[in-house]
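Input: structures, listed below.
Same chain, two partners: subunit A is paired with subunit B first, then with subunit C.
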Partner chain A sequence: MDLSLFPQILLNGLMIGGIYALIASGFTLILGVIQVFNFAQGQFYMLGAFIAIAVVTNLGLPYPVAIIVALLATAILGALLYFAVIQWTTRSGFFNTMLVTVAFGTIVAQTAMLSFGSREAVLPPVVPGTLSLGGVTIPNGKLVVIAGAVVVMAALHFFMKTRIGVSMLAASENRDVASLQGINPKRVFWITMAVGCGLCGVAGALVAPVLAASGTMGSTIFIKALLVVLVGGTGSMSGALLAAFVVGIAESFAFHFVGHLGLLVIFVLVAILIFFRPGGLLGKPLPVPGE
Partner chain B sequence: MKTGTDITKKLVFAVAVAVVLALPWMTGPYTTQLFILTMTYGMLGLSFAFTIRVGLPRFDSAAWWGVGAYTTAILMTKADMSFWLTLPIAGIVSMAVGFLIYRIAIPRGMMVFLMFGMVIALAIQQLFGSVEFFGGWGGTEVIEAPAIGGLVFDGKRELYYLGLGFLGFNLICYYALMRSRIGRSWNAIGQSVKLASSVGINVVRYRMANVLISNFFLALTGSFYMAFSLVAVPATFGLDKSLNVIMYVIIGGIAYSLLGPLVGALILAFVPEYMRVAAEYESIITAVVIILVVIFLPEGVLGWVSGRARPWLLRRRPWVRSVGSKNKEPESG
Partner chain C sequence: MKKRYWIVMALALALVLGVLGVACGKDEPTTSTDAGGAVTTAGAGPTETLKIGAMVSLSTPQGLEMQKWLTMFAKIKNEAGGWDIGGTKYKLDYIIYDSGISDTTQTRSAYEKAVLQDGVKHIVCTWTDVPAVAVTVTEPNEVLWMGLDFSPDTLKPEFNYTIRAQCLSFALGAAYNMQKYYVDKGAKTSVICDTDTLQSQVGNANWAKSGELAGLKELEPITFPNDTADFAPVATKIKSLDVDLVEFAYVNNPDQLVNLIRALYDVGYDKFIYPGLIDPEMLANIISQVGEEYVEGWSGMYYDPRGIQTDPEMLALVDRYEQEYGELSQEGIYWIGPWFLFEEAVNATQSIDVDVLTEYLKSMDHGVNTICGYTQLFARPDVGIMGTVDSAPGHYMYEILDGQMVAKRTVSVKDQYLVSIKALGVVEPFQKYWEENGRPTFPEEESLFDFSDL
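Moving on, here comes the complex of A and B:
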């Protein structure tokens, strides 16, 4: 093994892990609070990347503004998904609701393909140059992604401590008791959808200067986020955070050594983990709707 | 009066069978091809509707479909086997690999099963694409069409009847299984896992049996797919196909586990064909239709039809009621 590549692979793993952490925590948040399996999550990630690229290259605005625009746009779209579709389908069951999010994701993905084109797009590096650290060169762009992910996760952590965050947790604990305490479930639900989808939009905007954006980037990352949720335990936020970095680093190494079969290696590892630790690394299994 | 309805039912059934048998002689080769595809997708939908009876939504139907197709293709090209001999082997391979994976997933409940399914869907596709033995992303081909004696299944009509044979076998097996003792246990699990385990049903073992049987038939469908497409490409067996399979079932009506998938596949195969829209807009329109169906017809097209037709029949002919309620029982779950 070439030791000089080791820090590079580790850094890549940390970067991918940060992105997984954002998407997976958005996913577990929505699953835990509204009990909706949001399949459109990956498409919001793709949309975030394309919006960031469009804002920077077409409107000429600075990159931080692009991140905020991507966050707001995907959050609004997430709330729209709740108001237009999900609130009418939750009554007809967990499974039907999930299918509707699949369909909504398809609409988002196809519309994005038609309007942004199916070719790959990439932003010019925001912070060009490299950082030399003890003989190891690190591209600044990747550090920016990691830093951005950490900042967003910290913001999410403090958001969950605010009044609305606590009422989200209360609604996920027990919906009926929460509404008895004066929490408006509908308000909590649409805010949860907006936050969960906005997290994906930010993730997409963060990777736009580093990875090439394409119309199919959403569905692959969603499956990886599911792996993260499986490893972290369904319904556990801190478990998802830990698992995101574990999976990200493991994937980075696996892809370096076995190429595209890396996904299979990861899958086998996850299967072995689930076999011995059914609740994932940290989490307790979530009560499954309908069972 | 009862005999009257029996005769009507038999007549309707006979006419339906006659129409299905005569279809390839009434339409052109292109439409026949569409019907063959409908039957393939309908069989995939049947397998999905089968596991949903025990409360397990599977997102990997296309992956096991692909396992069947690839097993047949590789045995036919590399081991020079006849098509018919590969059928049971494909089924057994799919069951054996499935057993290893589901040993982990099924005891963990529905949510883990569901997520596992999606990951399997991606992993198996990657396996077929990345390993040289399976022919890579370009896929693997068979040259030889299946044949019995002098009858070669190479024309559209012959393939249509071959598909009809596969579909009939699927329907008969699923119907018999659903009516058997084990089928009643499955229904109990589907209604309430807690209740079923409290009356002494081993939920994990029964679910495993159900999923493995479904795997077997998915692989058979894959072998049939090889018979008419003659080429297996990894892109065919992706997660998007599994999602389409679920849409057939939802559109047809999820409570109708035998007729629902077929009706859904028929609608989704023919409606876009006759709407003549650009391919880019087709998936958007399908998605909008799915959302509208789930919001406005949560019981699917068949549920809507029977909800509409039954009161009308009841008003005109009160004696239909007993038959109607008898029919309803095995369908609802």
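Moving on, here comes the complex of A and C:
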């Protein structure tokens, strides 16, 4: 191996991990608190990217405003999805809710294809140029993504320590006991949906200046987010964060050494991990329907 | 509480209806209201209805664009009072089926619906279906299949109704023209970079052969999974190879292509890039990411006929497209080539009979103009097929100068045919075929390659 490439490959993995971390944290939050396997999660990422691009290019507003708009819009949509559908389907079972999110995701993806057209959409680099350190090239735009991911994850960490955050954790552990403590589960659940979907929206908005957006980007990223959640452990925020970077770095190295078979290698490693640790690195096993 | 619930429900309902409204408001798929056979009696105007099927993935930009074009062709025919075939006026009903992306189950289901349920007898234009599955439905039911295939699955002497009206067997002339362009600029080594699909593997192997013929040393292709989110690892690997040219031969997703080029720019790759198929809008997007200087002097495929196509009928179709749908998009324009071959066959034979049309197509001795230049069917003596069943499609080349795409030249059918035969190493059976049947004639176009170069 050409050792001079090692830092570059590692850095590539960290950058990918930053994107995965944001999406997977929203996904695992919803799974952990509401026990909803949200197959539409990737579509909120896609919507966030398109909203950010539209706010900057069509409305001419600054990029930071676009991030906030993307966050709010996807959070509201997530809450509406909860009120309109999920609060009813959760009563009829885990798989029914999962199927509903599949349907919702498909509608959003197809609508995006038809509404935004079959084209890619781009945002000019917000922070152009690259930083070169000892042979390692770091695009400034991706540094912004990593920094943004760190800020969002830190904000989430502190949010989870607030009253509503603690209520989320309590409701996730036992919603009946939480109710007896004066916690309104429905309120907690719709806020969880809003936060979880909003995180994806922010992820989309953050990557918009460094990656071209398309109507299919939500579907392609979802599999990776799922992988991250499985590795990190379902419902574990810190697990998702750790796994995001593990998967990102593994993907970067695997691609360099085994090319297109890299993903296969990662899936095999994940299968082995799940076999020995069904709860992933830091989480608990997937909820079993009926239990 | 109850009031608040109903407000939320009303908002949600409005959202869902809005979403559905957007989804249904544009690009209505062509559907047939007639049941039964392929030809049915209609009311006033045209006396009968001719159903033609197309199999595309409606989740891809190309499939959506093909749907627009094919729907428009039917509309044009119908506006003229129907298609006059053998003295009968036919209302043309182009039915677009969603056959998925390399999905065997969806392909079979779509073909069975078309052939067995809707009674379609002509499948004209396909995209990302599974041809090997398609022919198991079309051949036994005597349905003419004029589709796209990159694999040898549809190239069998026993097939009677299968015409590869769009394929890559004879498409290496375009690759050769492009690769020669970069060799003339000093490129010596190259790597092909592409999405990891079965079709791209076949395409890449052929593309590499033409590269070698043009004088390039082709390294092992780099392929990436379709769900790649960030292309920095791909770009890092390419840069580590220190090649003179990166060829994005068949990267069809515009966002992937833009992201790949951006990633190469970010890692400091500063040599030649063949970007494949792009259009002015995509070029503008690429320039917004990497700057005008980075793309100067690149050359690639080009499907916009304006500035290079001289046939007024083809240019009129482009004008009509823009009236119907707005600015021209290149994504589906190349893949609708089979329509023009079909139209020519029907007009020449004045028949919609599958046997008559097949016989005509299998003995074609001339090229047919399409929006993307001439296309022509040829025999495949190398696999024992003496009828003209495999196509050499036309292409345009562009060059990027001062941030603009400038039409450079047409890749001739002759180049497509002869370069492919040479690059694939099948000169001998073709020479034998020419000795017995005579050399084919080609449309009058400037060529880089001749019989003497074989």
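One rule holds in what follows: the second predicted complex is superposed on the first by the 283 of 291 C-alpha atoms of A that agree within 3 Å, B and C clash if a C-alpha of one lies under 4 Å from a C-alpha of the other, contacts with A are read in each partner's own complex, and residues count from 1 in each chain.
Everything below uses one rule, namely that a residue touches a chain if its C-beta (ideal position, glycine included) is under 8 Å from a C-beta of that chain, and two chains touch if they have at least 3 such contacts.
Predicted model, so just to flag it, every value in this text is computed and none were measured.
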Partners on subunit A (subunit B, subunit C) - clash or fit: clash
Subunit B versus subunit C as contact partner of A:139, first or second or both or neither: second
Subunit B versus subunit C as contact partner of A:157, first or second or both or neither: neither
Which superposed partner A:221 touches (first subunit B, second subunit C, both, neither): second
Subunit B versus subunit C as contact partner of A:111, first or second or both or neither: both
Subunit B versus subunit C as contact partner of A:263, first or second or both or neither: both
Touching partner for A:16 - first (subunit B), second (subunit C), both, neither: second
Touching partner for A:211 - first (subunit B), second (subunit C), both, neither: second
Subunit B clash site on subunit C (candidates 111-119, 237-245 or 327-335): 111-119
Subunit B/subunit C common contact set on subunit A: 85, 107, 110-111, 113-114, 220, 223, 259-260, 263
Subunit A-touching residues of subunit C, taken from the complex the two chains share: 8-9, 11-13, 15-16, 19-20, 22-23, 26-27, 59-62, 64-65, 196, 222-230, 232-234, 236-237, 240, 253-255, 257-259, 262, 266-268, 281-282, 285, 288-289, 329, 331
Complex interface listing, subunit A residues touching subunit B: 37, 85, 88-89, 92-93, 95-97, 99-100, 102-104, 106-107, 110-111, 113-114, 219-220, 223, 226-227, 229-230, 234, 259-261, 263-264, 267, 270-271, 274-275, 278, 285-286, 288, 290-291
In the complex with subunit C, residue positions of subunit A that touch it: 2, 5, 8-9, 12-13, 15-16, 19-20, 77, 80-81, 83-85, 107-108, 110-111, 113-115, 117-122, 124-125, 130, 137, 139, 142, 210-214, 216-217, 220-221, 223-224, 251-252, 255-256, 259-260, 262-263
Residues of subunit B that touch subunit A when the two form their complex: 52, 55, 57, 101, 104-105, 107-112, 114-116, 118-123, 126-127, 129-131, 193-194, 239-240, 243, 246-247, 250, 254, 280-281, 283-284, 286-288, 290-291, 294-295, 298
